[in-house]
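Here's a structure for you.
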Amino acid sequence: MRNKVITAKEAADKFTSGMTVMVGGFGLIGSPLTVLKALEEKEVTDLTVISNNVGEEGIGLGIILQQGKIGTAIGSYFTSNREAVRMYNENKLQLQLLPQGTLSEAIRAGGAGIPAFYTSTSAGTKLAEGKEQKVFYGKTYVLQKSLKADIAIIKAHKADEMGNLTYYKTARNFNPLMATAAKTVIVEVDEIVPAGGLDPEAVITPHLFIDHIVQSKATLLEGRRVEYEL
Amino acid sequence: MNYKQIIAQKVASHIPQYSIINLGIGIPTLVPDYLGDSECYFHTENGMLGVSELKEEQLDPQLVNAGKLPIGEAIGASYFHSADSFAMIRGGHIDIAILGALQVDSKGRIANWAIPGKDIVGVGGAMDLLEGAKTIIVTMLHTSKDGDKKLLDECSFPITSERTADLIITERATFKWSKSGYELIEVTDGYTLEDIKESTGLQYTVSDQLVKESAL
Amino acid sequence: MRNKVITAKEAADKFTSGMTVMVGGFGLIGSPLTVLKALEEKEVTDLTVISNNVGEEGIGLGIILQQGKIGTAIGSYFTSNREAVRMYNENKLQLQLLPQGTLSEAIRAGGAGIPAFYTSTSAGTKLAEGKEQKVFYGKTYVLQKSLKADIAIIKAHKADEMGNLTYYKTARNFNPLMATAAKTVIVEVDEIVPAGGLDPEAVITPHLFIDHIVQSKATLLEGRRVEYEL
Amino acid sequence: MNYKQIIAQKVASHIPQYSIINLGIGIPTLVPDYLGDSECYFHTENGMLGVSELKEEQLDPQLVNAGKLPIGEAIGASYFHSADSFAMIRGGHIDIAILGALQVDSKGRIANWAIPGKDIVGVGGAMDLLEGAKTIIVTMLHTSKDGDKKLLDECSFPITSERTADLIITERATFKWSKSGYELIEVTDGYTLEDIKESTGLQYTVSDQLVKESAL
């Protein structure tokens, strides 16, 4: 079996400036906090980040946002990190806003070899301005192109040594989708079990999507606090 | 009861048993308190069906609703990823979405995601819910703190969807969407038809049924 | 809790002539054999069936094909039921052929509120003739509209009383997709367990998709034989 | 070894360790027998990663490959529905698809799903595999039973995709797709370059490397 386990630092070293990066999580929940912490030490600029939010102020994805490493963020809800809004106003950050369902479907499409799909979501609103539209059965739909990335960093609950994954409660969110839509996929997990240690019927992400596995050293606590055991 | 509780209780009275419900943040989260024995199932768009009230001993930072607040897990719950969750929403599998709104207009369109002159930096799942849920119930205070109208002939804020909201429930009144536009179907005790008329900018008709009730 | 359990006969009684019906399964594997057997007794004609195949000759979906109840079949591989081919030649059956990946994605799209998507599969071949096409990034893609049905009859392994479902090995195939794409969804299962009897992380089809549950009375044996305990 | 075994063995020699492989029906299913200690993972498009050789005691009528034949379950296997399975294929997550073909032509296009004059009643997953797999290996007998050419300048049967096949492996020869079209990279012992030329209709060049080997 190929050894897929690497350290968080080795994961961070796979990043280069200008890359497009998918980052799993709904806020901090289901976010690869250990790898994001390791990215603090990595010199890299002008990343395009695809993630529902950009973490919290100074936490998770908010760490590298604060460091000015992100040039563009594509997501659905930036309001929850006031620093992102401030940097956007100061022209230090570009933002591309998509409805959450359109964002998640565009990532799935990216992984599924579908270049574009139609959705009625946002039709007739400001978010549809400038987008190609088409009428089906008398209703207007917006054309949405798929999203892909150079690297995805995601969070799962358990990985077997081959890279099969299961998730934990609402920490699943965007992670299984991003696992399919990037050239290199790095998963941070709570626990690594031997090959065959997961029920084949309950595997959510099959191993063929996973390039590298990182043992998580971060715990999400109440009140949006994170504890690291580095 | 405070205004929010009054609204939540009124919303509950419009919800059939066994409904699949998506709750927005704010007032909607109070609705389950008023459902009594009626069995309903709660969906949260970040990836779960079977949200229940949080009990202290259940507190789990990785189990949250769309407002990122901790929740509980009901019997028969299930988890799914974001694309499957929004497939449920967009595909018409959610019976009722209960949402907050900043404005509603005579065409039944709501505005709840952006304010003119402010940066547009967040939309979340609001647009998808408006497109996909079978029934839309809007909960809101009837006017702003300063007394400005929020039920308007035309929204001055950017609309969230072309889709019409089925019910608008405020602390003062309930409006129901019909072929001819909104119909006033209920007025809270203590308010007169005149009160509603003065504080409401959107066009509506008064239900025959309501007239009878308020004549008591 | 609403009681979702009905008999196979009650399931069959929900069919009316002219309906569009999705039928789960890859051949006989993961096919709702008990409900299909009950349909033998139901007077109904001119069904449009969406299914990967049309069962085997006189077995599964092949039963009602043989009875002339199917007017049109939409699927990916009809070769395996020679009767379907013969009826097609005799103009007793219309066939619409889609690549298997396009078929499965069109069903998913139908359930997901996506009216159409683009795929490169079949571009430049006979199957793309007459279909709308569009170029993305220099490559030609075919527009595929979504598929929906009036009724879906599917097969799962276990259902809890609420209608949450798990599947069994390669009997999963089209079933979870069809569960999302019809107005009325009837699932045939090997076992019904109490509510809460399935692991929430391992539920593949959440209960909101399921209208009715039928206890299976059919066993698929080696050599494409079926044993009924009716 | 019979012709089919010769082809399967040749295919195996082109497969890197740890490949994710989708096997078509017929000759491709023999390839695992010749992989030796090389660890590979087998995908079947009806919804499984981790196909293994069938052992008698494992026989399960609900565990089958895309040819509906019984298979086994390897350690670390997983199951998924048809849309996810074809998302893997179309999305470029399968390293190698090993397919049979009726014809291949000079442009690298294969025909393997329909015959002119016969009803077109089945396509299955062939078109998706040709579009999506990173590498396409075609296995086929070099000519028909009657000696008719199947490697042609242009397919007379309907093509399965515009995508070019990377390797064509017959019992007589191996052709590899390059910028300038097919290159003959290997000839089976017992056949001469002249034999290949006479039985092959598609245009190809002869690899420098091959010429050296056959000069031995």
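Per-chain residue numbering starts at 1, and chain names A, B, C and D are given in the order in which the chains are listed.
Here, contacts are C-beta pairs under 8 Å (C-beta built on N, C-alpha and C of every residue); 3 or more make two chains touch, one makes a residue touch a chain.
Just so we're clear, the structure is a prediction, and the values are computed from it rather than from any experiment.
What chains touch subunit C and also subunit D?
Output, common partners of subunit C and subunit D: A.
Averaging over Cα atoms per chain, report the distance between subunit A and subunit C in Å.
34
Distance-wise, how many Å sit between the C-alpha centres of subunit B and subunit C, to the nearest whole number?
Spacing between the chain centres: roughly 36 Å.
Let me have the rounded angstrom distance from the C-alpha centre of subunit B over to the C-alpha centre of subunit D, please.
Centre-to-centre distance between subunit B and subunit D: 56 Å.
Would you please write down the residue numbers of subunit D that are in contact with two or more other chains?
73, 79-80, 86-87, 89-90, 131-132
Return the residues of subunit C touching two or more other chains; collapse runs of consecutive numbers into ranges.
Touching at least two other chains: 105, 108, 112-114, 119-120, 167-169, 200-201.
Which pairs of chains touch each other?
By the stated definition, chains touch in these pairs: A-B, A-C, A-D, B-C, C-D.
Within the complex, which stretch of subunit A touches subunit C?
Going by the criterion above, the answer is residues 105, 109, 112-120, 134, 136-137, 139, 141, 145, 166-169, 199-202.
Under the touch definition given earlier, write down the residues of subunit B that touch subunit A in their complex.
44-48, 59-65, 68, 70, 73, 79-83, 85-87, 89-90, 114, 119-128, 131-132, 158-162
Mind listing the subunit C positions that touch subunit B in their complex?
It comes out as residues 1-2, 108, 110-114, 160, 162, 164, 180-181, 195-196, 200-201, 203, 206-209.
Show which residues of subunit B lie in contact with subunit C when the two form their complex.
Within the complex, subunit B contacts subunit C at residues 18, 20, 39, 41, 43, 49-50, 73, 75-80, 86-94, 131-132.
Show which residues of subunit C lie in contact with subunit D when the two form their complex.
26-27, 29-30, 52, 76-80, 84-85, 88-89, 95, 97-105, 107-108, 119-127, 167-177, 204, 220-222
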